[in-house]
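Here chain A shows up in two complexes: once beside chain B, once beside chain C.
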Partner chain A sequence: MRELSMHILDLAQNSIAAGASRLEIEVAADTNADRLVISLQDNGRGMAPDFVSRVKDPFVTTRTTRRVGLGIPMFDAAARACDGRLAIQSSPGKGTYLAATFKLSHIDRAPLGDIASTIVTIIAVNPDLHLRYTQRVDDKAFIFDTDELKTQLDGVPLNEGPVLKWIGEYVKQGTSEETEIN
Partner chain B sequence: MKTLEDLKKVREQALEQMKLREGKFSAKVVVAMGTCGIAAGAREVMAAILDELDKRGISDVAVTQTGCKGLCEQEPTVDIIKNGQSVTYGYVDADKARQIIAQHVVNGNVIGDWVVSAS
Partner chain C sequence: MLLANIAQNLNLNPINEPSADVEVTSGYASDLLSDVLAKAKNGAIWATNQKHINIIGVAVMLNLAGVIIAGGIEPDENTVAKAREENIPLYITETSLFDVAGKLYELGLRST
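Coming up: the complex of A and B.
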């Protein structure tokens, strides 16, 4: 994938396919430690322990349209190429937590890219999902939470055109300047 | 500067559009969002579709997604369901997506050259 935010969109699809109603995504850069951490926590159906231990292998998938699963192996490979690793914790019936580390300054690290577009896409097709996105650079943070929006919108769905447009602009603004990650 | 306060106005705009369509959708757009679709640019296609609908003030078109359909070679793919007919376009990019909205979704003209399957 050209951008880390495209991996995030792909991994969010896994959470949605697993029936998650809640998804928390965090992208955190620690400039002193020269480290970038991308994590996703969902409350979907989870995976059994033996499945988790094999899921980085592309031949492990529960899908039926294609015999190889690619999303997790690709994300794992992206982290490993940047002196990092992907850790997965999952419990059946509870949910799944994924966290990948990257060396922030690694020459092979893909840019975070258009995270606002990733968030708008997730919401456009999953308006009822409770999504929380946090982007951190050292001690600065931008937090976007669909629950706060829902209160303000009072019954208007998140996937209405004017709402999506606003979300895109709001996230773009919030993830620039002091919490910007390239 | 965007703040959560703007949402009051955004909400009014959305309600206006919802009232106009009276619960009826004239077409459905389905973007394939499997890993291969995303890697091939499905997100940019989605962004172009949302932007084109917004620019044209169209609010009675539903936009949804599907997972991998096994058409990995032809991704990004987009289905248009209109007038009881479903058409799948392949190798879609942002520019093609805008033309599909203009010609097929708005005017009902299928763009035959880009169709990979129809039913």
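Coming up: the complex of A and C.
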């Protein structure tokens, strides 16, 4: 994919499809180690060990509409192309943790892209999801958490137009300075 | 145009060729799998420098007429195995991706 944020959107949909009510996404750049780590942790139904061992294969999918699934295989291939790897931990009933590492400066590493729009899209479609997004560069961090926002909104749904617009601007602003990742 | 004509014209090296009697209706060249998924047409022949098993996944999903790995790149073992299992015609060639795309265009194929 052209942007890493597109992988994040795709994998977030996996979490939703797995019945997750909570999803934590973290994008962390370590400039000294020249490493970028993208991780997703959900509380969805998880995968059995046998399925985890095969899930990087595009011909393994839970989809019933077609028999090829490319979300995780493409994320794995993107990490491998950048001297990294995709690690998957999952247990049935508890949830799934995915973490892809990339060499930050690798020439084939796609840019992070429009993460603000990605967050807005996830919330627009899943307003009841507890989403926590963290973007780190070394010791600086930006955190956006839908539960913190909900307590301030006092019952206004997150997928109301003005709320989504505010979230988009807030995330865009928050990820554009000390925690900017290109 | 038949796959056999293309294979012969471009002097492609068949890795898996269940049948070359396949009608090819368009062509596509890209290394970005998501781009191929979005834009290549059913029945297209696809030229790429990727060699990962995911290319066969893309070929199955789009019902492609065949895949050409250009630039002298060898496919991964599981890519070849899966191409056989899924009856996806798979070719390799020393010719660069640029030249493969140019030759397909010369033969009259378009991406649309």
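By our rule, the second predicted complex is superposed on the first by the 182 of 182 C-alpha atoms of A that agree within 3 Å, B and C clash if a C-alpha of one lies under 4 Å from a C-alpha of the other, contacts with A are read in each partner's own complex, and residues count from 1 in each chain.
Throughout what follows, a residue touches a chain if its C-beta (ideal position, glycine included) is under 8 Å from a C-beta of that chain, and two chains touch if they have at least 3 such contacts.
Because the structure is predicted, anything quoted here is derived from the model rather than measured.
When the two complexes are overlaid on chain A, chain B and chain C sit side by side with no clash. When the two complexes are laid over each other on chain A, the CA centres of chain B and chain C sit 80 degrees apart as seen from the CA centre of chain A, to the nearest 10. Of the two partner chains, chain B and chain C are each touched by A:M6. By the touch criterion stated above, A:A48 is placed in contact with neither chain B nor chain C.
Of the two partner chains, neither chain B nor chain C is touched by A:A33. In the superposed model, A:A87 lies in contact with neither chain B nor chain C. In the superposed pair of complexes, A:F59 makes contact with chain C only, with no contact to chain B. After overlaying the two complexes on the shared chain, residue contacts for A:D114 are found with chain B alone; chain C is out of touch. Of the two partner chains, chain B is the only one that A:E148 touches; chain C does not reach it. Applying the stated contact rule after C-alpha superposition, one finds that A:L70 touches each of chain B and chain C.
Taking all C-alpha atoms of chain B against all those of chain C in the superposed arrangement, the shortest distance found is 5 Å.
The intersection of chain A residues touching chain B with those touching chain C, taken from the two complexes, comprises 1, 6, 66, 70, 74.
Put simply, chain C touches chain A in their complex at residues 32-35, 37, 52-54, 56-58, 60-61, 82. Contact residues on chain B toward chain A in their complex (touch as defined above): 1-2, 4, 6-8, 10-11, 13-15, 17-18, 31, 33-36, 38-39, 43-44, 46-47, 50, 53-54, 59, 63-65, 67-70, 72. On the side of chain A, the complex with chain C involves touching residues 1-2, 6, 57-59, 66-70, 73-74, 77. Against chain B, the residues of chain A that register as touching in their complex are 1, 6, 9-10, 13, 17, 63, 65-66, 70-71, 74, 114, 117-118, 120-121, 124-125, 148-149, 152-154, 156-157, 159-166, 169-170, 173.
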